[in-house]
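Following this line, the structures themselves.
Two complexes are shown next, each including chain A; its partner changes from chain B in the first to chain C in the second.
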Partner chain A sequence: MKKLINSVDTIVTDTLHGVAAAHPSLRVDIENRVIYRRDAPRQGKVGLVSGGGAGHEPLHGGFVGYGMLDAACPGEVFTSPVPDQMIEASKGVDGGAGVLHIVKNYTGDVLNFEMAAELCADEGIEVASVLVNDDVAVQDSLYTAGRRGTGATLFVEKIAGALAETGAPLAEVARLAQEVNERSRSFGVALSAGTVPAAGKPTFDLSDTEIELGIGIHGEPGRTRSTHREAREIARLAMDAINDDVPLSGDTLVLLNGMGGTPLLELYIVYAEVAAYLEEKGATAVRRLVGNYVTSLDMQGFSVSVCRLTDELTRLWDAPVETPGLRWGR
Partner chain B sequence: MDTSFFLAWIKEAATAVQAERDHLTQLDAAIGDADHGANLDRGFAAVRQALADTPPETPGAVLVQAGSALIRKVGGASGPLYGTAFRQMGRALGDAPEITPAGLVTALEAAQEGVQKLGGAAEGDKTLVDAFAPAVRALAQAVQDGAKLEDALETATTAAEEGARATVPLQARKGRASYLGPRSVGHEDPGAASTALIFAALRRAAGQA
Partner chain C sequence: MKKLINSVDTIVTDTLHGVAAAHPSLRVDIENRVIYRRDAPRQGKVGLVSGGGAGHEPLHGGFVGYGMLDAACPGEVFTSPVPDQMIEASKGVDGGAGVLHIVKNYTGDVLNFEMAAELCADEGIEVASVLVNDDVAVQDSLYTAGRRGTGATLFVEKIAGALAETGAPLAEVARLAQEVNERSRSFGVALSAGTVPAAGKPTFDLSDTEIELGIGIHGEPGRTRSTHREAREIARLAMDAINDDVPLSGDTLVLLNGMGGTPLLELYIVYAEVAAYLEEKGATAVRRLVGNYVTSLDMQGFSVSVCRLTDELTRLWDAPVETPGLRWGR
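So, the complex of A and B:
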């Protein structure tokens, strides 16, 4: 598999050099592997820190900036970052109002962020954490690691970031982040697996007639394998999974997310079905995003995330944001 | 067992992980995310570097330093889990210059407890605990029966390898493989496989002493 890389061992560092060169609005600490907004720390403002394996770009580094994250820590490809990075990031964004860690629910991310939060407390930094677990493909039970954090991470980062920008206290920002997560559900479908550069071949094999339902964002296979069919039917399978979990109604925010290797053309074909599905159920997509936001390297496929909005959440979603990956109103 | 014994163990473990890097990654590709070999290899390289930079003076210090380097460099779940295992072991050894077989058993029991507390896994969940726990039990029994250290570690290694193989028919209940549900059955757990390698390295270190 051909990849545009210099060497497998320098992927993350080389990416950070590019991010630094491309986005003067960010300050990139390449040695410690932290991406900051240039004006961090902001006095009196809650600092938002997220992080996760590389390979999901623009998540998380592309969402650093005004109205969203204050810092992001990228790990190796599909590997959570380490506590040192999170501590460094937390110190760098703490403006005296505390720091919120936004953590996707994967065992590695959870363990490393837990260790970091403990060490931050030792250093006198007040840290609250919110766990994102929106993926309905996984049954939340004693028999799994719990639902994964996927597309709703973007909702949490945007909406909590907007609230933090108003000077709200840490407990309030954490509560709202939690509420966004609880109101959000996601489901993903892959037509092909992504290729981790170090492995050099796709993580799993799908034939031309197969699709994988209920995929995560780390190239892990999904819950079931099924037969490939029209976009219309696949979109409905994904929406059924979400609607079966929490019946859709009212105003919604919808993210039709490409996994990295899907043409926008196809995403729009799927989105048309998603919008029609919502209407059938008596729900309305009042805010929408279609594009590559929470990717899985070069995986072909999509995930759909739906957040049931309140007036407060809609207002905060609409608030100005200025990051490499999301930008409006400013 | 003195400081050089534990340094030899780390060196053997690093060599074994490097040699089996691709195999571990392949196991992980089947039910995880295809990075276990690469991550552990990077971690043990960092451990060797850390030990070379500031040579520890006691067995306990070797293991605490090794564990800290793993936590700092590996990421994922295996970094904190293996890091905690080595750190807890090192703490249990205190600053004693020479470790008895019984002391090694106690330290390994502390390591296992630390891993299970952090990760929340029990035996049968298809994790590294499925290799770790039987190995520690086998070692404890052999030491209690008065076996020679080398023989006791041979028994422990066999138990770890059998434990790793016994994860094949299990359905994962922890970690990334748990997302697969029944489809995790039929594959060896990569963490259990790497644990077996680390016990085999301990056995080889004893052979050199």
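So, the complex of A and C:
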């Protein structure tokens, strides 16, 4: 294994030093492992907190800033952050209007965020939670009861973040976050596994002719192994899985997401097929992202996430955002 | 080899279809292989054209848009575009104020852009050219007489693009582009090679304990092979190479660039060391980018580029830009 690290034991701390040095718009509490937007807490604004294992960058720390998250807390690589981090983050962003926890559906994350929410309540901080579970690949999996949370997390963070910026109350922000999750579906495909530094070898093996359909963002097994084939066919298999779950129609927001090790060139080739597929179904990608947003270390492959938009969701998606990973309008 | 492609022969065309579908702010001429900003040509504005082999995305097509390039033309993977593409692009962006060609210093690119410039002149289009040659690793290399052009290309495109947006004349935009190149230096390191689809295997082999110092963006050999080591040491080797060439001081713009296959997590770890190195030397990174900007397919590794800023360059760097790969201020 060759990695650009100093030591397996200091990966998260070293990363946070880099994030702090690179982004003066953020305030990084390295000791407590929390990334805040510089001006947190904002009085009267609902605070948005997310977190999860490291290794999925720019998720979540790269989405902290105006119009999106107020704080994010990273765990060790592919490991949930601990409740103490979540409590610290919640306190740090609470401006009196309460805090929304955005939680990807993995058992460790769910348990820890639940515990944190209870302890926050004990300290007088009002917390609501939204569970993201957009991955249609499998019902249960290695680290999950129910569907996994993947690419739609970005949609939830952006759209709920835009609503929170308007001064909307906690219940409304939580309701909208839930709606975004419900309207979103994802499916991922791996060509090769990522390597967790502490393990020192790829999380699974695929031969030169195999792909994994329905892969999870920690390399959890998907639906099936299959034969490698043209991008066109692979894209269709992914879109079929989504369309079989909820038929696609109308205006959609599409994320064609790289898993970390796939060239952007290839992501565009897949995106062309996704756009063609949507058109066939009478749906339209009216907003789109193509790039590495919810990664799995250096895994090769992609995931596609689709959110069926409403006028309100489109307007909030278009609202200004200023984070390291997503920026427009300012 | 597993790639997300339909066929080795249709990679560039298929990519352009994806770019066209993903970015309505661009106009993609798929037949002639040119990516334009939607509103080109802009009357009275100098047009900026760049281009180069595919496989370095988001360079160059991802930097087409307001405040940066007016057009980009991609060649086949790691292969120069042909003069016809460059002429077509130049005609398409000429708003009467002339056209600047931004050329990375590789023999094929240089010859083809020279030929294109002559043919443009014959047709009455005024063309100036700037040669980017920021890579301090080697004096000559596989595809280059003189230093190679790498990460500073982004600096030149952004800063010259901002000046062009103000209505500055061609000679002034060309002079500034030249100044940005002269003030910039880069150095790259590979942990593993990328795979060119037509070749079907990695462009070179590195053992599990080796790295290549001074790697080029096409996998050209660098200065030396060395032993893999801590990110801290590798970052220092890269920064030493730059600092030995031109001592670092004052305000700098830093690009910590991923080669395409390296997790963002690792890039931040390297960036922390780069920032510390600059501070030691009494220099400051006042503007910074960390991410995949000038890639080499799925190569694992990074390059670091440093531009010694002036007040004018900082102001133009900060000016609004709206492209798929770089966006702020609008």
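Methods note: the second predicted complex is superposed on the first by the 325 of 330 C-alpha atoms of A that agree within 3 Å, B and C clash if a C-alpha of one lies under 4 Å from a C-alpha of the other, contacts with A are read in each partner's own complex, and residues count from 1 in each chain.
Going forward, a residue touches a chain if its C-beta (ideal position, glycine included) is under 8 Å from a C-beta of that chain, and two chains touch if they have at least 3 such contacts.
Every value quoted in this text rests on a predicted model; they were computed, and no experiment measured them.
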item: Which of chain B and chain C A:49 touches, first, second, both or neither; value: neither
item: Contacts of A:204 with chain B and chain C, given as first, second, both or neither; value: first
item: First (chain B), second (chain C), both or neither touched by A:309; value: neither
item: First, second, both or neither for A:79, with chain B first and chain C second; value: first
item: Partner chain in contact with A:6 - chain B first, chain C second, else both or neither; value: second
item: Touching partner for A:270 - first (chain B), second (chain C), both, neither; value: second
item: Touching both chain C and chain B, counted on chain A across the two superposed complexes; value: 77
item: Complex interface listing, chain B residues touching chain A; value: 25, 29, 31-35, 38-39, 42, 71-81, 118-119, 171, 173-176, 178-181, 183
item: Footprint of chain A on chain C - complex, ascending; value: 1-7, 11, 14-22, 54-55, 57-58, 62, 77, 191-192, 194, 208-209, 211, 228, 230-232, 234, 256, 260-272, 275-276, 285, 288, 290, 292, 295, 297-298, 300-302, 322, 324, 327-330
item: Chain B-facing residues of chain A, complex; value: 53, 75-84, 106-108, 111-112, 115, 137-139, 142-145, 148, 196, 198-199, 203-204, 216, 218-223
